[in-house]
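First the structure, then my questions, so here it is.
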Amino acid sequence: MTIGDGLVAIAAALAVMTGIFSTAGQGYVAAKAVEAVGKNPEAENEIRTMLILGAGIAETAAIYGLLIAFLILFAY
Amino acid sequence: MTIGDGLVAIAAALAVMTGIFSTAGQGYVAAKAVEAVGKNPEAENEIRTMLILGAGIAETAAIYGLLIAFLILFAY
Amino acid sequence: MTIGDGLVAIAAALAVMTGIFSTAGQGYVAAKAVEAVGKNPEAENEIRTMLILGAGIAETAAIYGLLIAFLILFAY
Amino acid sequence: MTIGDGLVAIAAALAVMTGIFSTAGQGYVAAKAVEAVGKNPEAENEIRTMLILGAGIAETAAIYGLLIAFLILFAY
Amino acid sequence: MTIGDGLVAIAAALAVMTGIFSTAGQGYVAAKAVEAVGKNPEAENEIRTMLILGAGIAETAAIYGLLIAFLILFAY
């Protein structure tokens, strides 16, 4: 591989690293969901719905990074 | 690929990394939404509306980064 | 190995490092689950379900990184 | 060893460093388990089960990093 | 020694640094164990068991780093 190939591979890695705080952010959401269901188990359905919606919104940037990583590796 | 090609790919990766704290910030919004719905399940609709509005506003910079990443890769 | 090969290997390592905050984020979820089950052992089932769901959502970005690491090593 | 060989070794090291926050994250889980069992020793079984489950989930990314480190050293 | 040899040595050092937060994380567990046994000395056995289990789980990633450091030095 040339140095140029290596830099392109590093670019793909950096792109997917956009999601690096995803487990931290979504972990915080999940922690609050676990705490809420421990306090109020009857609201489990509402809590789960909100967890999935909120975490889905927080997922978008990680997916943007994954998309650019694919494009750099295979369409560039 | 040349070193120049590699640097352009790294530029695209850096651009999409603009959204790197997006999951952290939106995760915090989502965590508070989950907490609020656990305390007050009847307000689920109002909480969801506020979550979507707030997280949508927080999404904008991540989309700017994605846009510039596309332009660097395909229109530069 | 050439310098280009070395850069590609570093790229794979950076990609898998996307999951670096995973133990922190999911550890926070798990900590809250442990705390919740200590306070309210009868809600163990609801708490465990929410833990698995929430942590699974938070796992996604780490898996994106693992996937790109594999692609960089073996399909690039 | 060539510089390329050295970069590959550094890549393996970076890959295994994915688990760097593991003792922090899992330490937090363990701390909460110790605290919970101190407050409510009768719930020891539920607390231990949740600790093992939660910490196991949080371990995954560290294992991904270990796997990529092995692949970089021996299969690349 | 060549530059390549130096990079390999640095790689081994980085690998073992995976355990860098171990004293912080496990120190936190031990602190909570001390606190819990101070509040509730009759639960000493349960607390000690949980401390050993929890700290053992938190040790794993540090051991992964040690393993990769050995492999980089002697099997690479």
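Going in written order, the chains are labelled A, B, C, D and E, and every chain counts its residues from 1.
In this section, contacts are C-beta pairs under 8 Å (C-beta built on N, C-alpha and C of every residue); 3 or more make two chains touch, one makes a residue touch a chain.
Worth saying up front: this structure is predicted, and the values here are computed from it rather than measured.
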Mutual neighbours - chains that touch subunit B and subunit E alike: none
Central chain (distance from its CA mean to the mean of all protein CA atoms): C
Greatest separation from subunit E - chain, by CA centre: B
Remotest chain, subunit D as reference, centres from CA atoms: B
Angle (degrees, nearest 5) of the CA superposition of subunit C onto subunit E: 50
Between subunit D and subunit E, centroid-to-centroid distance (C-alpha), Å: 10
Where subunit B and subunit C are represented by their mean Cα positions, the distance between them in whole Å: 19
Mean-CA-position distance for subunit D and subunit B (Å): 27
Residues within subunit E bordering two or more other chains: 61
Chain-level touch network, classified as line, ring, star, complete or other: line
Each pair of chains that touches, named by its two labels: A-B, A-C, C-D, D-E
Subunit A-facing residues of subunit C, complex: 2-8, 10-15, 17-22, 24-29, 31-33, 35-37, 39-40, 43, 46-47, 49-51, 53-55, 57-62, 64-65, 68-69, 71-72, 75-76
